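So that you can tell them apart, the chains are marked A, B, C, D and E in the order they are listed, and the count of residues begins at 1 in each.
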Amino acid sequence: MDTILKIDGVSKRFGGLMALADVSFEVKKGRILGLIGPNGAGKTTMFNCIAGIYKPTEGRIVFDKETGPVDVGGSRPEQMTQMGVARTFQNIRLFGSLPVLDNVRIGRHCRAAQGFWGAVLRTKGQKAEERMLVEQSMEYLDFVGLKNKALDLSSSLSYGDQRRLEIARALASQPKLLLLDEPAAGMNPQETASLVDLIHAIMRKDITVVLIEHDMKLVMSICEHLVVLDHGVKIAEGGPRDIRENPEVIEAYLGRGAAHA
Amino acid sequence: MTGNKTALKLLGLAALLAFPVLPFSSEYVMHVAVLIMVYAVLAMGLNVLPGFCNLLDLGYVGFYGIGAYTAGILALNHNVSFWLIVPGAIALGALCGMLRGAPTLRLSGDYFAIVTFGFTELVVLFLTNEIWLTRGPLGLPGIPPIALSLEFLGIDWRYDFLSEIPYYYLGLAMVGAVYVVMCRIEDSRLGRAWLAIKEDPLAAASCGINLMAYKTVAFAFSAGVGALAGCFMAQWSMFLAPDVFKFWESFLVLCMIVLGGLGNINGAIVGAVVLIALGEVLRVLLPKLGLPAETRFLVYGLIMILIMRFKPGGFFPTIAATSKKSRLILDLKARLQAERAG
Amino acid sequence: AADVIKIAVPSPFTGSAAGYGDNVKAGVVMKVEEVNAKGGVNGKKIEAVYFDEQCDPKEAATVGTKIAGDKDLVAIVGHLCSGAHLAALPNYVRVGVAALSPTATNVTISDKGKDAKGQPWSFRNVYLDDFQGTFLADYMLKELNLKKVAVFYENNDYGIGLKDAFVKQAKANGLQVVGEEAYMKGATDFTPQLTKLKGAAPEALFIAGYYAEGALIADQAKKLGINVPKFGADGLDNADYIKLAGPAADDTYLTTPFLAETAGPDAKAFIDAYKAKFKRDVDWMSANAYDAAGMIIEAISKVGPDRAKIREYLAAINTKEKAFKGITGLTYFNDKGDCVKPAYVKMVKGGQFVPAPKQMSN
Amino acid sequence: MLSLTGVNTYYGSIHALKGVTLTVNQGEIVTLIGANGAGKTTTLMSISGVTVPRQGTVEFLGEDITKLSTEKIVARGITQVPEGRMIFPRLTVRENLLMGAYLRNDKDNVKADEEHVYELFPKLLERSKQHGGTLSGGEQQMLAIGRALMARPKVLLLDEPSLGLAPIVVENIFEIIQRINRDGVTILLVEQNAQMALQVAHRGYVLETGQVTLEGPAKDLLEDPKVRSAYLGLD
Amino acid sequence: MFEQQLFNGLTLGLIYALIAVGYTMVYGVIELINFAHGEVYMLGAFLCITFIQALGVPLFPAMVLAMACCAGIGVLIDQIAYKPLRKAPRLAALITAIGVSIFLQNIAMIIWGSRPVPFTRSAVPAAFSETAFTLGSVNVSGLQVFIYALTIAMMIGLTLIINKTRIGTAMRALAQNATAAALMGINVNRVISFTFALGSGLGAVAGILVGMYYNTLSATMGYNAGVKAFAAAVLGGIGSVPGAMLGGVVLGVAETLGAGYVSSQYRDGLGYAVMIAVILLRPSGLLGKSVGQKA
């Protein structure tokens, strides 16, 4: 089983605060890894380091490109996306005043090539590419079930649909690795259930998923492997069953009530 | 429906083309029309930064000045033809745009705004003080008008643009060209990347958009358009002085695009029409109301306040106006409707 | 209407130069009211139409097309600023209407007012910058025997033109120029430049600018302990200079086309009437505008309201003998439309303008 | 104590509340559950006067407060812990708490209440000098509740207090809600986590696309088959 | 000579600072670049001399009166022009501010004329124009002492108001989240009005001091002042009151030393060049807090 992403001794410091302290774990290709931990544990920070938004203070982030594993720590976000890492945001960050379709077309940006002169001269290549972008974007929208809302303003979507659109936008960059940051937050159980289906469908596309989530039912049901952070430190790692019973995790994160949820 | 619209558009175009021969169009009216065109180009050019990329540029007039002085000096002192100056000035403007842009890439919001403002002040001070090059405050009078000439083919034919009418048609062509280019870019991968940066730079970067590169293209493009307006203006007005490029002009152009509807290309043009025409309408109207010339800007300011008060989003508040009209989107809409029905 | 003859007065009436525009307007108003009170010209009333151009070349060009295109406007008193005048001028030359500026002093204008036949359409009854600059440099050395002068100039066409001519003549005369400092219109703080100049210990300060800033310079110089005579050209010539600078205004020498004390009864009457009407002292811009309007109206009365003929009439005032006798003395034009006028020197003493004790023989 | 009658609220042309009617009695915990976009937040904002209803009335202790401005409604004793917490990021924790007591003039009691909040949330005492914006999500939620308590409200409106919180914190928060309620504060609780909410509440309302579709004692709602499938994810 | 230049620069800088503070306060609370602030400053000076000349009020009461009037004008401008735009895009309010600025400048021109006007000399105490003391080679006049003292006192007072009082905290809270502030029971409009009143009052004082110091007022004086204040406020870190003070001083000193030692033609440019350099090095100004993006 190949490793697609290897986190090796990553630390991230904000001024005096150690948001991540020497964290190491591996993400296996084709699997789904859950990243959990109390609020402020450093989960989102870890995503930001992987996605190129923060440069780790220390450590290596090794990503398995076609050409072989490379240390990608400190790459810029657009380079990471180009390489095949896409992410969603904890607080939804859509391009609110643009139509749904455009959000996905922008998500597909790095898989297209036309620039200034193509646009000005409306070359054949440019026209063909534009047509293709629409077709492909519609496929992604269809995939998440938003095809019919393609021309609506994205800010007019319901909360759950906005979460789905974020996923569609991320998928449009054809990632090998998808980072989902609390995709179920604020969803009711029904919506959460359909989200689970969507995640499974994504897995079937050979996309590896890392998931941050506080909804234990969701996490425990779909993740095969879990990493638990607390105060920037990895306190546990293992399968759902082990984690659920790990006293340190119960103490720091799950609480007594959730242990049997 | 669409037939009607096309007919309307053709009619509008015909009216624009016939405008100079209409009975009420004097040299003065034509002059104001050409002035509007210069500002329409400036407004469309400025719109790229605040409208598409959410970068508040308070120093746009600097590029206008760079273009104008390039044309003025080359035409006056070196007798270079307008048609050769245009690409040169655009390139120089774009280069200056990139030079200004490079250090400001990290800046956001009003910090960007004040740096652009400072930059323009430096440009104007340069124009004022480097007398050896620009003649400074003495100005550059006597810039030759634009001319069509076949002399380079050895044919002795030459047409000088001596009245407003040739400038009107040339201006119309310029506005049309810039408009088409703007619309095409807005509805393209590049334009969408800009809009993404405007909405949320971080999310845009996460979509694979290289912020630095795309902002740099925006700086260069916007500045190039400003320089184009500048060279046209220089050889049209035949006189330049640093005063023409004072800080207020940047604001005037900004007012145009906000009044028109930030980010909307049609809005930029409408804004230019409204604000330039307003000044002239008041010039004619106020005396008839018995108000002295001194009240002109009092009323001007008041009207600006009122427009914003009742149209806070400008005349055309939505962006992405053109992409909705693009062929691809219309086809898609039809298809979705058919699917829903079927 | 057919029973009025209209002349155009384009000047800044809003914006930062509006104060000057107001002066020009006052002068024109005086002349027009005076003429109309006497029944007008050939039975027709004169009407001045005011156009605001904010001293802005762009606005001036627009106003220029408007004036040029309105055949009822038979001649122009204006523009006020040289830049505006230059920007509007091509329209006047093209259509053929004479513009007589009471205030535009930029040397460049001389060559730009001519049509293809070499006839000037631009006239002015004001000194050129180079004339006053040269004159003052001579005066300082020859009459007051000063040896070291520091120069302050406004960074605009007026200031630079004046300064350049002054410095050139000063150097030719062996007058030492110990510093040239610039400032922008509307500036209020001149202490850095003055502090610097103070180090050079000048014997005189030449201010090539307008009275609003000039007064501040005089005041701040005094506060910094620079107590030397100040020199200026027509830009400083305004009663407000004394009001704004207060006691610091004393010992300022100015060039002026006429001395109220030695002027004729017309000028005295004008000065009194002006004060009665506008509640302020007359300034040279108003006086020049009064004369400019006077020349145009005289032309109209002689040749009728015809644009081309008015120009011809003005152009023909080209010798001292044919000169127009106005309140600012004798005015006549050279072949470029520039005026030739004698120059006198007046000075501020005890908060009053008085003729300088020494005058140069013209 | 607090009652809404036929409240209709719009965002521009969007009709968010379509005749919402509900009551909250003295000393109760009432919960409002519903899907995303059902209008829960809008209901709370309509009570607080942040969005003003176009039709219908909001009454509080017999007074019509529909058209009162927000600060006047707060002065009447209705305080809200808004969605997204809305901490003042560049005020310290202590200043945030004192903002909660903005309308109060009884300095000594304010001091005592501050102590009381620190007792409820010892973590906040540790961080009292830190800027609100640098707190973790859970700490911010505590701060938001503490800040609201500083106003000594008669009615506390809570909008999704458990959103994005670690399970252990969620438990804690619900305990605190019950504690506050026992201290005499009436509570209107909006929750996505319907299970928990219905466990602590006395009564509940179900909101669907701007309308109340179901109401009753919390116990009954927990048993209701429709609620179980749609909002509890059971069966 | 250097001491003299530095002192000149400090004086100019303090004046910029005083205008910039009012600017930055309004900006801090409602994120509005209030271009009309320069015009309020101008009105302050004109109202002051009008009270002195037309009503015979002595200088200090006239100052207070002018301050009060400007505070009222500031509130009025906000109520009429900006309040309807609270929820509109930010640039709409900026354009309105430009409109207000044009309007006020032209109305002042109609009321007080377009020519520069001297400050009423007779109303200014004689001690102001005399040398109060000598610092090395620098003569410090009574008026300069007054300007320094008043400016510094006002800045301290302002800092106290903002950081220590209830309404000050409310101002800061409002700046950070207006809805939350309303939910705390803060009367948002009253706090905004208070901010405008305070900022405009300070602007008026600045105008009066400048009028006295340079002995000239003109209807267009607000324009330059407004631009400089904007630059100073941004340089110092927009929204930060101590930042605006520091920004003003830096700008003033940079300009003065630039004009004194480098080139008087590029005087303003040198100020801007320093400003640009500072912002490029510190993208959120001297004392501004960088609001880090949290993803």
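The working rule: a contact is a pair of C-beta atoms (placed from the backbone, for glycine too) under 8 Å apart; a residue touches a chain by one contact, two chains touch by 3 or more.
Nothing here was measured: the structure is a model prediction, and the numbers come from that model.
Colleague: Strictly by the touch rule at the top, which chains does chain C share as contacts with chain E?
Modeller: B
Colleague: What's the fewest number of moves from chain B to chain D, given that each move must go to a chain touching the current one?
Modeller: Tracing touching chains, the least step count from chain B to chain D comes to 2.
Colleague: More C-beta pairs touching across which pair, D-E or B-E?
Modeller: B-E
Colleague: Compared with chain A, which chain's mean CA position is the farthest off?
Modeller: Following the centroid criterion, the farthest chain would be C.
Colleague: Could you put a whole-Å number on the gap between the CA centroids of chain A and chain C?
Modeller: 73
Colleague: Go ahead and note the Å separation of the Cα centroids belonging to chain B and chain C.
Modeller: Centre separation, chain B to chain C: 37 Å.
Colleague: Could you please state the distance in Å, as a whole number, between where the Cα atoms of chain A are centred and where those of chain B are centred?
Modeller: 41
Colleague: Hey, how far is the Cα centre of chain C from the one of chain D, in Å?
Modeller: Chain centres of chain C and chain D, defined by C-alpha means, are spaced 74 Å apart.
Colleague: What positions in chain B touch 2 or more of the other chains?
Modeller: Correct list: 128-129, 202, 294, 297.
Colleague: Please list all residues of chain C that touch 2 or more other chains.
Modeller: 14-15, 18, 155, 182 - these are the residues of chain C that touch more than one other chain.
Colleague: Using the touch rule from the top of the page, what residues of chain D touch 2 or more other chains?
Modeller: Where chain D is concerned, no single residue meets two or more other chains.
Colleague: If you look only at chain E, which of its residues touch chain D in the complex?
Modeller: Within the complex, chain E contacts chain D at residues 166, 169-170, 172-173, 176-177, 179-188, 289, 291.
Colleague: Touching residues of chain C toward chain B in the complex: what are they?
Modeller: Residue list for chain C touching chain B: 13-15, 18, 50-52, 55-59, 61-63, 65-66, 68-70, 82-83, 86-87, 89-91, 94, 106-109, 111-112, 155-157, 159-161, 182.
Colleague: Give every residue of chain E touching chain B within the complex, in rising order.
Modeller: 33, 81, 84-85, 88-89, 91-96, 98-107, 109-110, 114, 227, 230-231, 234-235, 238, 263, 265-266, 268-269, 272-273, 275-276, 279-280, 283-285, 293, 295
Colleague: Show which residues of chain A lie in contact with chain D when the two form their complex.
Modeller: 17, 37-40, 90, 158-160, 182, 185-193, 214, 216-217, 252-258, 261
Colleague: Report the residues of chain D in contact with chain E in the complex, numbered from low to high.
Modeller: 48, 50, 69-71, 74-75, 79-80, 82, 86-91, 95, 98-100, 102-103, 147, 151
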